[in-house]
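Naming follows writing order (A, B, C, D, E and F), and every chain is counted from residue 1.
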Amino acid sequence: MQSVTNAQKAQILMNALPYIKKYSGKIVVVKYGGNAMVNESLKRAVMGDIVLLNLIGIKVVLVHGGGPHIKEVLDRVGIESKFIDGLRVTDAETMKIVQMVLAGQVNKDLVSLIGSMGGNAIGLCGLDDRMIRVRKQSDDLGFVGKITSLDVEIIQDNLDKGYIPVIATIGTDKNGQAYNINADTAAAEIAGALNAECMVSMTNIDGVLRDKDDPSSLITDLTLAQADELKKEGVIAGGMIPKVQCCIDAIQAGVKKVFIVNGMVPHAILIELLTEEGLGTMFVNKYSEGR
Amino acid sequence: MQSVTNAQKAQILMNALPYIKKYSGKIVVVKYGGNAMVNESLKRAVMGDIVLLNLIGIKVVLVHGGGPHIKEVLDRVGIESKFIDGLRVTDAETMKIVQMVLAGQVNKDLVSLIGSMGGNAIGLCGLDDRMIRVRKQSDDLGFVGKITSLDVEIIQDNLDKGYIPVIATIGTDKNGQAYNINADTAAAEIAGALNAECMVSMTNIDGVLRDKDDPSSLITDLTLAQADELKKEGVIAGGMIPKVQCCIDAIQAGVKKVFIVNGMVPHAILIELLTEEGLGTMFVNKYSEGR
Amino acid sequence: MQSVTNAQKAQILMNALPYIKKYSGKIVVVKYGGNAMVNESLKRAVMGDIVLLNLIGIKVVLVHGGGPHIKEVLDRVGIESKFIDGLRVTDAETMKIVQMVLAGQVNKDLVSLIGSMGGNAIGLCGLDDRMIRVRKQSDDLGFVGKITSLDVEIIQDNLDKGYIPVIATIGTDKNGQAYNINADTAAAEIAGALNAECMVSMTNIDGVLRDKDDPSSLITDLTLAQADELKKEGVIAGGMIPKVQCCIDAIQAGVKKVFIVNGMVPHAILIELLTEEGLGTMFVNKYSEGR
Amino acid sequence: MQSVTNAQKAQILMNALPYIKKYSGKIVVVKYGGNAMVNESLKRAVMGDIVLLNLIGIKVVLVHGGGPHIKEVLDRVGIESKFIDGLRVTDAETMKIVQMVLAGQVNKDLVSLIGSMGGNAIGLCGLDDRMIRVRKQSDDLGFVGKITSLDVEIIQDNLDKGYIPVIATIGTDKNGQAYNINADTAAAEIAGALNAECMVSMTNIDGVLRDKDDPSSLITDLTLAQADELKKEGVIAGGMIPKVQCCIDAIQAGVKKVFIVNGMVPHAILIELLTEEGLGTMFVNKYSEGR
Amino acid sequence: MQSVTNAQKAQILMNALPYIKKYSGKIVVVKYGGNAMVNESLKRAVMGDIVLLNLIGIKVVLVHGGGPHIKEVLDRVGIESKFIDGLRVTDAETMKIVQMVLAGQVNKDLVSLIGSMGGNAIGLCGLDDRMIRVRKQSDDLGFVGKITSLDVEIIQDNLDKGYIPVIATIGTDKNGQAYNINADTAAAEIAGALNAECMVSMTNIDGVLRDKDDPSSLITDLTLAQADELKKEGVIAGGMIPKVQCCIDAIQAGVKKVFIVNGMVPHAILIELLTEEGLGTMFVNKYSEGR
Amino acid sequence: MQSVTNAQKAQILMNALPYIKKYSGKIVVVKYGGNAMVNESLKRAVMGDIVLLNLIGIKVVLVHGGGPHIKEVLDRVGIESKFIDGLRVTDAETMKIVQMVLAGQVNKDLVSLIGSMGGNAIGLCGLDDRMIRVRKQSDDLGFVGKITSLDVEIIQDNLDKGYIPVIATIGTDKNGQAYNINADTAAAEIAGALNAECMVSMTNIDGVLRDKDDPSSLITDLTLAQADELKKEGVIAGGMIPKVQCCIDAIQAGVKKVFIVNGMVPHAILIELLTEEGLGTMFVNKYSEGR
């Protein structure tokens, strides 16, 4: 870092000014998952970014999954993971583990890490205040839920008090039974219900690439119509489809902008939100305002 | 219930009036543990009591432990429980399980049960907003913490918004490392920090008995001085000592009244707080006001 | 009461929970008159009910008449009561007595009784803040007023501050002249203007009976359409008509539910509002929700 | 009025400016009684003054008695008035009349008059919210009360909402029994409890006169010490003593200034408070600030 | 003043009551210019009026120009004034002087004078919070601006805090360049944006005269339609046109009433707003309410 | 800037985090004068820094002088500047120019510049709300004032509403006469009255140098005791004395930290407040916390 002069440092802070101004007082939802979650050093960087955004007046909500952690505990207690169309078959026994790991381990560990960096985090899941209400998605899948309604008042209340809500994506039916739900979908719906200014989806891809083997073919901006076109053309295909779909869902739920960024890039959130460069692909409804 | 007339029902509601008046707008901390936690029907009754108290304007905070649940999971993953002087030796591996079970399973299950009965609960632990700060109690015990400071602002904020905070007793050091802490002690300190009007400690005893084999020898009221005397006399002895000590701690931390009630009596909280009878033993600093 | 066990007491309190939840924070107008007003023991029971409702977070407004008390003072000062179609002919002299008795005696006595039971009541009449504006109903009747407009802000302000408003039904014209007004009509209009959740009309009948001599023929629920039908059939007839009309007026003014209960039943309000039984006849606009 | 030019009118309004500034947002208690209460034209002038003060941002509280009105009704129902040392012997029967007349007639008539002049008045008595608590003064006098405590929160709440509280001086014991109390004393204590900026006592004298037969001997300012001296000298004597005592009581209860003015002078309050002249005698604790 | 009795003084204060009531809590914009601004004694009278209005609860905003003061300084530094169609040609040099004089001298002198009379004034111009946004009116005129948008939040915020905003009419473009703007137009637009209850335009004429040489031919009320008619008839002509136009603009911008008064009459504002007489010509949209 | 990588940018933003946290919600007073004020590019940089600090939640107050601008206008109108002990002799004529230039030109130009960069500034001087009250310092100096009292409520009110107050240092006596006051002293007293977290004094020196000709001899931290010592040693001498004295005054008035920075360094404020380096000399009362 010695090569950066004080003048450059000041200039970088100054350059962040219009972005800070744009997001100040607004809600930003960060969907956090994948490898950035497993690598301890990256995890610290992500939490640091969130604390910084919170400090400069942005209302950050962190929504996380935790597949690898769940698998680890299930393995340990000897429950075999079964999947149908990529969705985990979740019997009562499994659901109990899923809840423990997501709401008790992953969630509170993130809260604790944010706390140790000076942020004031609060760890919630869809069971708190019955925030995420679901119904059974299909009998085959067991306790896998499809969101029927969201009540984000408990998030809003804690945002208003200055806390950083960290949300484990577990749902509940009216009897209080817990359900496993898709974290991407949940993040998109929460961001929509909160009228978030933007959502940042941290994945393991650089964004939408015209040629998936060529990083330089990154598409930096997409309207919903253009995304649709790219799906038809087969550019958005395979494993990229659910990642893009989650972004489209969020835009359709009312979020103004959604960014796919690569969680393996340290401080990807800060770079995307507070510098002129940006990193990944931005989704908007229609072209109306700059990045 | 058919034998109770409408007139009697109305009279019972009327009789609750002075007690509702006394506790309305005040904070009541319920320490919940033991068998009342394992029996599903009793658990429903306790949560129902809490929802009712909340509805009639009392600010209820539920502090819980979860020893049997922890043991169950530890057994399942093949970690052997070791104890020194009744305290669980907690290595990093064990602590991870303790956190998952307390903050992810027991805590959120209680939140969910309250929710299904119409209450608005929020599940927190000492990691949230770094509420419970601890230091290592002794090197032998591993991650067993002794509370060094409490910041109950996150509880107060959520009480003010009308939520029922449900607290899992896990602590954190300044690095964000989680610690196992004694639930009784934590409840007493939280109640003190909140200036609670009273604490109800749900145990498996009827209260302080002059003759431990004679339920009719229940002592209904004790000042701190009298409790001290009874310890010297050997009336308070054995397993009763830590239960009584927790009550004394709470009084000394500034709680006005502390009740030991038997969690096996359905609706023990309601009977203790809202009827003229009362059930167990009440601790006060000095005699000054009626039950 | 010795035959009611602690468990039963707790159960009764628990059973009240959904009703408390339903009415909490809502406005309930109680129209109070007739014999329940003269019998001291019943009066205490009614005021006790009101204090309890207030304590558990229900905003209660008590609207009262006071015919027998007026008659007593008029007799005493030697003014003869004349009636045209059941309405008291009210000359200036009489009006002065009516105002004194309603606003100075009956009203403040109720306030005082509520106060002695721990409630915070405030005694108002339609002259306060010119709350109830009237015009002369007919020249023959003298100072008998018909409500032209209502400004319930003074009631709302005092409800917001936690007081129990007790309202004597006297109106004023723009010159400040006081008028005698029908208490039933005033209660219905006040309840409407306050968007009350419900009105309880305490009368000397059990409700609407299909056969007026058979208490078991009580009709427990009536929509406006059904009430209309019963009037045509002659089931609602005679002295019951004005009592029913007041309920219909309140529903039409926007009150969600109106109950006729028999004021001679001790704690009729509590039984009607907080138990599953109910007592009298409930009027609703259309069938939409349970009691 | 034709002789007053526009320029003079503007000048008079301007001259009121420092006085408006002095009292703006402050509490002024007006003690109202005697002949100014019986003469309809004077009564209108007094209520007009109060409405004006309220409009220009002064918080006015009107405390009134009503001896002549009570006497009139007692005569009419044939109850003979008895007095011991100038205090009315008040049996239960009499008290009932006193309450009716003060709280129902005089109080609400004043409220109504203020209302007809555009003010927002609320009529209260010591029974409302148990504002004025008393004990029996002596057994001989029956229900004549001596104030033991005051809770002026209900006055403060309604002042805050912009209403003009009009207070009938009736007290209550803990059982809710009403008591007759001295209006002068009550006004002084209410003014003290409200930390009033000043109290204006409307009487039938011009103020303290050095020679009671010479109006030009008016003493315009008195400290408590000077008043004491004048009592010793016999200048303050006879019927003037209780009038002066009430002023002294108010000063000792914390009111900054107390004015005795002659209620027979139209608009005496406005002249005293808003013009440089002043009218009667001003009492202060010590000399510290100008009129 | 000796000829005005106390009774007359009180009566004048009382007569002001309905007017105080009408304007209390409302916004009154005073457009201040011309000779009343140069004459020190008149200036004190105007500021005194404003302080009084503020004290009695009216929210006053003072908008001023300052032509003569600008001319004086321009002369002194040797800049020649040029005008096109009555508008000052404003080059960069001139604009610098205009800003200094209006925002630094005239504005702050008025603020200071109000302060010395006990009012709490705050001096603002269109540059503060970029309140008045303009574009160049024509290239010939240099920095003469035409208002494109107004953001009166800074005025509202300071009114809410009890200050008297004093506004110098300077505008800004998006680069922060200052512009000279017409004070009459600015006052009208500010009054409209604030939803002012009324605007008082202090000029050097008595109002609209049917015969400009006959003061007794004053027209006291005009609707917009009538004013239009008078323009066609040639009654409103010459120098009177822009003065009338400003009033019409204000009415069309939503101000309820606009008064033209002669600033040479001492306390013209008080006489116009707080006495039954009135002075000049009142403009309204349509006839709907009295003066 | 191309040599700074995204990772470095993010790191610089992250490094600012603890400093943002330290100052967030706190008041920072910037004393702005000297050459940094004349150089347009530096002026933009300073205003940009202030807008950034405001955006990230720091409450910034800008206090400015304007000696060179005053001199320019005085020269232009042919008023000769006279000084006694470095203080400008200020006759009435001169004072008028000083006020115009400071409050009308320099102040509003800064406001306008902040506005054009996206900040919400409000330009005030000591005449507004009579914020800075002074008495004549000495007869020889004319209208040069010494501060007798400060009422910073108007600054606080506008900070609370989110504005950036820009303060021209002019004072007023009780008659509303304007006075010229020392900007350094005024800034120190304003910072003290606001309980500012820190004051940044922008000067034309690098800080306190042990050897005034050797920039590397900069002393980075000084307690008041150490500063005292350096004065005795003659290290702080000559023109440095008043600059240091202003810092000492501010510390003594209760400001926690005061920084002298060189206004010629672009973004000196950001570098001093938001980076680990710092630039100039920091004054504290005693050593207690880090930079």
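The rule we apply is simple: contacts are C-beta pairs under 8 Å (C-beta built on N, C-alpha and C of every residue); 3 or more make two chains touch, one makes a residue touch a chain.
No experiment lies behind these values; they were computed from the predicted model shown.
Q: Go through the assembly and pull out the chains touching chain A as well as chain D.
A: Output, common partners of chain A and chain D: nil, no chain qualifies.
Q: I want to confirm something about chain A and chain F. Since they are copies of the same sequence, is their interface symmetric in residue numbering (over half shared, so same) or not (under half, so different)?
A: Counting which numbers both chains contribute, over half are shared, so the two copies meet through the same residues.
Q: Between chain A and chain C, what is the separation of their C-alpha centroids in Å?
A: The answer is 56 Å.
Q: What whole-number Å value describes the gap between the mean CA coordinates of chain D and chain E?
A: Roughly 44 Å separates the two chain centres.
Q: Would you pick out the residues of chain C that each touch at least 2 other chains?
A: Not one residue in chain C touches at least two other chains.
Q: Is the chain-to-chain touch network here best called a line, a ring, a star, complete, or other?
A: Ring.
Q: Please give the residue numbers of chain E that touch chain D in the complex, ascending.
A: 1, 3-4, 6-14, 16-18, 20-21, 24, 48-49, 51-52, 55-57, 118, 265-267, 270-271, 274-275, 277, 279
Q: Quick one: in the complex, what on chain F touches chain E?
A: Touching chain E from chain F are residues 73, 76-77, 96, 99-105, 107-108, 111-113, 115-116, 120-125, 127-130, 154, 157-158, 161, 163, 170, 172, 174-178.
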